[in-house]
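Each of the two complexes below includes subunit A, the first together with subunit B, the second together with subunit C.
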Partner chain A sequence: MKLGKVIGVVWATKKVPQIHGCRLYVVQPILENGQDSGQPLVVADPKNIAAPGDRIVFVTNTDAAQAFDTGFAPVNASVVELVDDIA
Partner chain B sequence: MFLARVKKKVVATEKHPAYHGKRLFVVKPVYPDGREKGTDNEWIAVDYVGAGIGDIVVCGGAPGVAKEVFDLELAPIRTLIMAIVDHVDYRDI
Partner chain C sequence: MIFAKVIGTVVSTSKDPNLEGKKLLLCKEVDHTGKPLNSYHVAVDAVQAGEGNFVLISYGSSARMTELTKNAPIDAVIMAIIDEVQITDPAKSAKKGTSEV
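Now for the complex of A and B:
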């Protein structure tokens, strides 16, 4: 799991059924001091936790599919937390 | 699994249900003698053993492990803090 900043929204009408109605964000992975760390990626937000410009925690790999209620989706990155503060 | 130092605590109110009641920490991988490995390498880990800021911990995870550890229906959790290190015997054994 990593910290990220939502820097964009992906709008797509044609999608696989499992991610219908699920928001897709472009996220820049960051460090706790805000510095960029790695390349931007597309992260799914099944629970509508994030909004553009927010700092989030996202999970990658196979566990990302479990962020969906069905427990399965063809995704490998999902938003799991909206960060209020890092102290 | 890797050795890491707990740097900071992540505070969040809006979160995925599986994360309710769980504490998240920012951890930085370290060498066995405690030196940090480079600057731009950080992970977020869910605390399971009551770690505190500054502790050296063992972090890691595998697919589906969190589901058993926290016995949740669905667990989008990967990196887990699974042990607080007291001491590492390193290169003198």
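Now for the complex of A and C:
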């Protein structure tokens, strides 16, 4: 998994049924010291864990679908944790 | 998922039978502000996207996780048409809606 910061929201009314009602965030991947690392991507938040401005942990590739109850969704990035602190 | 703009259609008469009836769209990858990146994807359209639409593409094996694309040799699917990208972080504030780009 990777660390990221939620820097925006994607609004999309027309989407596949598997992700209906699921928030889509613009996330800037960050290093452990908080510095930006690479290109922002879109991360699904099926469990409503995050909000704009939050630091998160997100999972990528096919495993991202496991964050959905059905385990069946065409996503390759999902929020799995809200980061309170990195000690 | 990545941001992309639909720039064309890939027309093909002879293809893998599992791709029958599926529209292949040529998509230019863009960043969260709509700026084109030098990368493209041929993706199956699962949301009736059209040329010029800003879309989200999911790639890898989870691209097969829709009713349309399951059990087919597919690694990229268009799974949403973007209405608007709202950048909330002041440091990253960019053009608000990429759909107007």
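In the analysis below, the second predicted complex is superposed on the first by the 87 of 87 C-alpha atoms of A that agree within 3 Å, B and C clash if a C-alpha of one lies under 4 Å from a C-alpha of the other, contacts with A are read in each partner's own complex, and residues count from 1 in each chain.
Methods note: a contact is a pair of C-beta atoms (placed from the backbone, for glycine too) under 8 Å apart; a residue touches a chain by one contact, two chains touch by 3 or more.
The structure displayed is predicted, hence computed values, not measured ones.
A.B. asks: Would you sort A:Met1 into first (subunit B), second (subunit C), both or neither based on which partner it touches?
C.D. replies: Touch partner of A:Met1: subunit B, not subunit C.
A.B. asks: Mind working out whether A:Val10 is in touch with subunit B, subunit C, both or neither, as first, second, both or neither?
C.D. replies: second
A.B. asks: Now for A:Asp69: first (subunit B), second (subunit C), both, or neither, which partner does it touch?
C.D. replies: Touch partner of A:Asp69: subunit B, not subunit C.
A.B. asks: Kindly classify A:Lys47 by the partners it touches after superposition: subunit B alone (first), subunit C alone (second), both, or neither?
C.D. replies: In the superposed model, A:Lys47 contacts subunit B only, not subunit C.
A.B. asks: Could you say whether A:Val57 touches subunit B, subunit C, both of them, or neither, answering first, second, both or neither?
C.D. replies: It touches subunit B, and subunit C stays clear.
A.B. asks: Go through the superposed model and pick first if A:Val80 touches only subunit B, second if only subunit C, both, or neither.
C.D. replies: So A:Val80 only meets subunit B here.
A.B. asks: Let me test your reading of the model: by the given contact rule, A:Gln18 touches which partner, first (subunit B), second (subunit C), both or neither?
C.D. replies: After superposition on chain A, A:Gln18 lies in contact with subunit C alone.
A.B. asks: Should A:Leu31 be classified as contacting the first partner (subunit B), the second (subunit C), both, or neither?
C.D. replies: first
A.B. asks: Residue by residue on subunit A, keep only those touching subunit B in one complex and subunit C in the other, then list them.
C.D. replies: Touching subunit B and subunit C on subunit A: residues 61-62, 64-65.
A.B. asks: Could you list, by residue number, the parts of subunit B that touch subunit A in their complex?
C.D. replies: Residues 7-19, 24, 26, 39-40, 42-46, 61, 63-64, 66-67, 73-79.
A.B. asks: Give the list of subunit C residues in touch with subunit A in this complex.
C.D. replies: Touch residues, subunit C against subunit A: 1-3, 31-32, 37, 46-48, 56, 58-66, 69, 77, 79-89, 91-92.
A.B. asks: Provide the residue numbers of subunit A that touch subunit B in the complex, in ascending order.
C.D. replies: Residues in contact with subunit B: 1-3, 31-32, 35, 37, 47, 49, 57, 59-69, 71, 78-87.
A.B. asks: In the complex formed with subunit C, which residues of subunit A make contact?
C.D. replies: 5-16, 18-19, 24, 26, 28, 39-44, 52-53, 61-62, 64-65, 72-77
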